[in-house]
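Please go over the structures that come below.
Paired with chain B in one complex and with chain C in the other, chain A is shared by the two complexes that follow.
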Partner chain A sequence: MKFTRSTHLNQGQAIKGAGKSIASRLWMALLVGLVLAAAACAPRAGDDATEPATTAATAAPGQAATGQASTPAAATAAPAPAGGGESRSGYERGTLRRLYSDPPTLDPHLATDATSSAIIVEVFGGLVTIDLDLKVAPDVARDWLVSDDGLVYTFYLREDAVFHDGKPITAHDFKWSLERATDVVTEALGVEQYLGDIVGVDAKVSGEAREVSGVRAVDDHTLEITIDEPKSYFLSKLTYPIAFVLDRENVESGNRWVRTPNGSGPFKLEEYVPGERITLARNPNYHLGPPHLERVRLILSGGTSMLMYENDEIDVTGIGLADLDRILDPNHSLNSELMTSAPSFSTTYIGMNTTMPPFDDVKVRQALNYAINREEIASLVLADLVEPAKGILPPGFPGYNPDLPGYEYNPEKAQQLLAESKYAGNIDDYPIVLTVAGGLGASVDLDLESITRSWSEILGVDVQFQQTEWATYLQDLYKNRFDMFQVGWVADYPDPQNFLDILFHSESSNNHTQYSNPEVDRLLEQARTERDQATRFRLYQEAEAIIVDEAPWASLWHSGERYTLVKPWINDYYQLQLIIPKLRFVRLTE
Partner chain B sequence: MARAETDTGLPETGGGSGSLWALALRRLIRNKIALACMTVIGVMYLAGTLTIFTSPTPYGYNDQDLRKESVKQGPSLSHPFGTDRLGRDLLTRVIYGLRTTVIITVAGMLTGGLFLGVGLGLIAGYFGRWMDAVIMRVGEVFLAFPGLLLVMLIAATVKPRVKDWAQGWSGGLERLTGIDIIQLGVVDYVVIFGALSAFSWVGMARLVRGQVLYVKGSQYIEAAMAMGASNRRILLSHVLPNIISPVIVVVSMGMGATAGSEIVLSWLGIGIQPPTPSLGVMIFQNGNISVLRSDPHLILFPVLTVTALIFAFNLLGDALNDAFNPRTR
Partner chain C sequence: MGAYVLRRLAWTPVLLMVVAFITFLLGVYGPGDPVEVLQGQYNNPEVVERIRERRGLNRNVFVQYAVYVKNIFQGDLGESFKYRGRTVSELIWKRMWVSAQLGMAASIISVALGIPLGVYAAMKQGTWADVTTVSATLLFMSLPVFITAPVLLLTLGLWLGILPISGWGGFFDPRIVMPALALGVPGIAVITRLTRASTLEVLSQDYVRTARAKGLSEFVVRRRHILRNSLIPVFTVVGLSLATLVEGAFITEGYFGIPGIGSLAIESFFSRDYPVITALALVIAAAFVAANLIVDIGYRFLDPRIRY
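Take a look at the complex of A and B:
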């Protein structure tokens, strides 16, 4: 469900979106652009809703090299959160501060984007969660049993787990929450994908049943979930916010309940002033161990992350392309505060619709793949902020195959493949339009300009760009209307099924390249119910090898916030590849 | 018609309508700022126009050079404006960006400002009654909408269709002429200045209508009518020359605004598509403070170019105003 725009490259973009009408932003942008070199408040309001994990977790603010700042002076004067006890030098007691953007929603059942999810996982929780090693771990369920046939999951809930208001969390709360998530009225997206394995969800979603028959509260602290096939990855799907537990009374108190949520996570939502700030406060009763921090303050009112960091106004920031050279220099004063992390579990790719000419010939697709110099672009254009992709699964992801050869840069081979294809000589007759998600302040990424240039030089294939606003883009994507498109996919849960089955099974609604190979389908289906993990991963690797060879994608990068600056008084701040609750581990040296 | 001349105290250089222009031109040339502005505009338009035929520099606008020593280089002798992140010569890209600006400002002004605006204004002012009512009410409706948003809407909804349609016959044209109009970005230009002009005529029409109403009561119009001149003759030979000076001033100022609109549209992602350079895209791609700190040339040169152009248009507008209406000085 989580497609992403590859925003890691648009260093000129800001994340600040709220609080200004589009018109006023336009004018500001115009004036600024014209009169001042500093330029460009280019708020990415449009994609806040869809900010990929790569930018949401910590990156978004980091890349927000500009906020509404119009001049350097104005930037430093970005409004400080009220009541914040800000000081120009040093930290704020017990508080972690960072720049953030307005989350599109805080309702766990409705969130489909990373900006929202990163807050939601701190405020809410579910049966299981993901730990720092990125493995499924107990949350409200202290333990669970899987029946021998792999169909029935019995969860034993903690007796000490309570909502923020002190009310105990029971199996009935989970049953109600799962039924709310699957209710038509809730209009949650991705229900079939995340919860569709549970028996009775189909009937509930179509409105035929009032309950989900596969979910049963045995007693207050025992929950039984029955699924349709023995799918070992089902448990990891329950770590996704759509399976989180909500307090019925709280939700039924009115439409604005998400502003005063009664969650079960390590932090309480103390205050949410749209466009200004979100304050999270420590939940002293948290069942997995209360947070060390007293507060987390997320500044929504904009500003230039880097400057705010340098002025000690925030404690954590990502680093944009433009600042990178300066800070990577070992002599720079901020170099010691630099934290390097692995790219997040995401893959940016160019998809080709395998049913449309000229992409219906596998040789054309392979030729295009061979004509991309991934290594060079990654290091020279993108300053090694991304890792060149060989296959589908990102490095470190369960089932990742380090031996996959991928496509090296080989212009001769590319030309030879194109010459062997059925479009040799008349490729010009098929105009190719590469659609990218555009929108406010966005522009075509430089890496794409470089790729299309080498396609043109090596293969004589000319590609036109088309930019579509993100919401329209997603609609068209789901209707398979693009012949060539660039997008990213961010992992929802750590299982290869989340990439391979969802994106390449011929019957998947997310298979937008319309790739279809009976052999791949067979392997993917076999992997779904395979109980032995090693065999399962082998099946996925076989499928991945076939898919990569047949090249419905040109995989480009595994991106994410590779570099983060963290103030020296912040300890145990983790930059992880998935969105998981991590702020409770943070400690401040005072 | 002789309004301007009689008040100047300058020697008459000859009768007829030519003298107004000659005098205005002479006043303009004596104004040093105006001269500087005209030079700036002239150089930029010449450079921009040249690119339609050939690159004015040794580089193409999309000549990438991905080597460590050639990307993001500051100004040097071989690259006076430096190079961008893909190793492309920035001066070349700025000049090609000017091409976009030149085409859009000229075409937008000609169609929207002059043709539609002046034409409809003349008709509304001269014929009055229901024609006036229809034209001005429609104009007010257009004014009631935020223009840029409507332009966005049109560019987002109509452009893909126009492009599909153009794709259909561009192949044939390419075989005939060797010019690939899609690759040149002509479709983008057409839709955008079409959309811009659809909304930019109203101001001009109002101005012209007011001027027409003013001169309509003059005795020379009455005389022309009495002698049986046709409407067309009265409009083109008597009314138009007498209202043209404010029109020129407004056009000059409007050129700057149109150039600005292109930049905003590019920022919204519905303007000129890469790799065709656009000053707007260049500015917004690099529009942040960190770039200003690390690679200032990436942002400074495009911004200075646009700033100079728009300033020049505005100052020239002032100077034209002074030249045509010396009494207001």
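Take a look at the complex of A and C:
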């Protein structure tokens, strides 16, 4: 029975001289360790300890709260059984190794989280994808035409595109896949959000129709999709996994088909042991050019990412706040392996319910905005891991307006605005509660403490914190029960509609500040169907300017995994603001 | 004895059904909703309603419970909300087995060191050896795992390089050593103190004096008369603690990259994954029932005077 439970991955791992010698060495080492712990080393060990612990504590809230941004957090917390035995021997030939979290699902139609999606986009594909410039680009569809009225999209499929088993991908496969995704039995969550624009999806999802009338396979390599209104952001929604193509035979082979998926992406799923590891293998027939890597190994069983990275067990890691200082030091040995990336397409904000006093007065909301020193907090409290937010859309996002002034730190103006508001003098009569997701006994984030402190000092506005655990938080948020709350929004697809229309249209179910302005509604509705991209973005920018001025939000930061450590033998590893297939570009120097 | 065991076993299903029902009520009437959590940042009430309807969450709680119980009797623990398309059985059994093995290794460390140390301390009662033993074990118990784990990782893993940093290979794989130490060493103190206290009590008993008086060798006195009697309370504590093995150890498992049940349990609570939560409650309750029973039966062998 000895060692039989170790898998082939771990075989190199049996340490030299198992048996007694290990035991004795072990005890010596343990004693040494404890002495050290009791002495000088204690604080240092404590520091390291906080990293996984904090990650663990915030994993659940962080994941949902910031959507995509959670992948880094989750991945940072993950570990590696593989290659452990090859300690310090460096890389594994042709393989990229990293720590990851067990994905809730690998079914593209069911995935709603970043952890799952990041694997799914490497294994599956759809009509269109997003390229490294974050623009919509051809995938299985080599080209497409949009009718003059903007309603009918005709996709011309590549004839050389095949599933992993070599079967050609046809328009019929897409039609079947879209109907499977929208079938009520599938229980997909994203149907309305991503596919609801397609004619006939409503009828299909409610069970009234068996087919989606707006999807037609003209011939084997031509697919026609009709949508209800000329929405130019529709195409970007098709890059989301719910619109990916699946092999019918594979899916109908049984409930466990996702363990052996027949995808169309750059990598095949070679092995998936839940809770332990996922191995992806190169798809040599990939129609956009096969990956350079032979394999990608994702370790799912947990561990301390930073330690494993330093021990050469993994090739990529995020950096926790606790380790950041030492690595940012140019003299540190790991400093040369540091990669800095742009903040993710997300915005963290404090929302104010515009129907509840005292937030029903725009001047109160503006005053609170002017009384936040975003620049200083970002650099002093958050170690420049975030970028201070001026408006709603994150930098680099389509339609981003670099000229938006936002709110500078201006205590006098803040005081003046509060004095002009109808709550001047009696603001104390309205106790303000700021609800944040989290809890578990952890303290409120320091950035929020700094903000409420300056509100108190500058405006005399005292804010109480309330921490609720994530599921409870969501429930209350959805019911618009909070008068003030902090949360983030992460882009689902690269179009301003995904922020502005969803979060600020008066009739949106995601408008948790209950902000309502007929002019903004009009601009947003007009932008939905405007076909000229420049005009559209102008409409959104107009709407954004009004929203920022009326301040239902105090926008705070654009965050995300800003710093990554990448081993020197890994080339062309991209840390991007959206989840896109990116691992096929990675090359190893051997 | 046989009748006693049967009677106890007969009550077990009733107990488990009560546990399941309470867990069920907490889920239904507590805040939060699994579908909302699954949905994440984008809220579409229609979607939530649609999925809730399909999953039967809108039905009367007694109906839901009845369906659940019926499925359990057919060996079906249901399907996870969070891990879509995966059954609860598929999710929990393997991880629980991993946690149980780790817990077992930790218990072996606690018991194998705790009992001899406790007896030793009792024999040397009041001397410096006694004080040192007791306070040393207490020191280890006071160190939380978020100190011991990184210290172990740094020393054995990074600096000395004699043990791999993380991962899991089973009970006989060297990777079990560090987490088992982190989990087991704090437990030594409990066993040591317990053994010491009960040994001291036994030492003052008349039958020990009698045994010595009738000329038995010191070895036989210690092994047969002292140790065996002093182990009864220790056996109770260790036996009952065996049930907690299946709960997993969230923090330790996280540090050492062990695919145990701890992290799944925490995740399930946060995502309101009711089927997984209820199943865990059931299994843990069943483990306690079993451990209790085993302890009760075990008494008879340790101490023939105990009868049922």
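Rule of thumb we're sticking to: the second predicted complex is superposed on the first by the 499 of 590 C-alpha atoms of A that agree within 3 Å, B and C clash if a C-alpha of one lies under 4 Å from a C-alpha of the other, contacts with A are read in each partner's own complex, and residues count from 1 in each chain.
Going forward, a contact is a pair of C-beta atoms (placed from the backbone, for glycine too) under 8 Å apart; a residue touches a chain by one contact, two chains touch by 3 or more.
In this text the structure is predicted, and so the values were computed from the model without any measurement.
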Exercise for the section: Report for A:Gly396: first if it touches chain B alone, second if chain C alone, otherwise both or neither. Expected result: neither
Practice task
Scan A:Pro274 for contacts with chain B and chain C and give back first, second, both or neither.
Solution key: second
Problem - First, second, both or neither for A:Glu469, with chain B first and chain C second - result: both
Practice task
Look at A:Ser450 in the shared chain and tell me whether it touches chain B only, chain C only, both, or neither; answer first, second, both or neither.
Solution key: first
Practice task
Report for A:Leu307: first if it touches chain B alone, second if chain C alone, otherwise both or neither.
Solution key: both
Problem - Of chain B and chain C, the chain that contacts the larger number of chain A residues - result: C
Exercise for the section: Would you sort A:Asn255 into first (chain B), second (chain C), both or neither based on which partner it touches? Expected result: second
Practice task
Jot down the residues of chain A that show up as touching in both complexes, chain B in one and chain C in the other.
Solution key: 10, 13-14, 22, 26, 29-30, 32-34, 36-37, 42, 65, 304, 307, 469, 472
Problem - Contact footprint of chain B on chain A as seen in their complex - result: 10-14, 22-23, 26, 29-30, 32-40, 42, 65-66, 69, 72, 75, 304, 306-307, 320, 322-323, 325-326, 373, 376-377, 380-381, 429, 431, 438-444, 446, 449-450, 452-453, 462, 464-469, 472
Problem - Residues of chain A defined as touching chain C within the complex - result: 1-7, 10, 13-15, 18, 22, 25-26, 29-30, 32-34, 36-37, 41-42, 45-46, 48-50, 52-53, 56, 59-61, 64-65, 67, 77-82, 84-85, 87-88, 102, 104-105, 107, 110, 112-113, 184-185, 187, 189-193, 205, 255, 258, 274-276, 299-304, 307-308, 310-311, 313, 469-472, 474-478, 487-490, 492, 502, 509-510
Fill in the blank from the handout: In their shared complex, chain A is touched by residues of chain B numbered 62, 64, 66-68, 71, 85-86, 146, 148-149, 156, 160, 163, 167, 171, 180, 182-183, 260, 263-264, 266-270, 273-275, 280-281, 283-296, 299-300, 303-304, 306-307, 310
Handout entry: Footprint of chain A on chain C - complex, ascending
Key = 31-47, 50-51, 54-55, 82-86, 90-91, 94-95, 143, 146-158, 160-175, 177, 181, 250-251, 253-259, 263-264, 266-267, 270-272
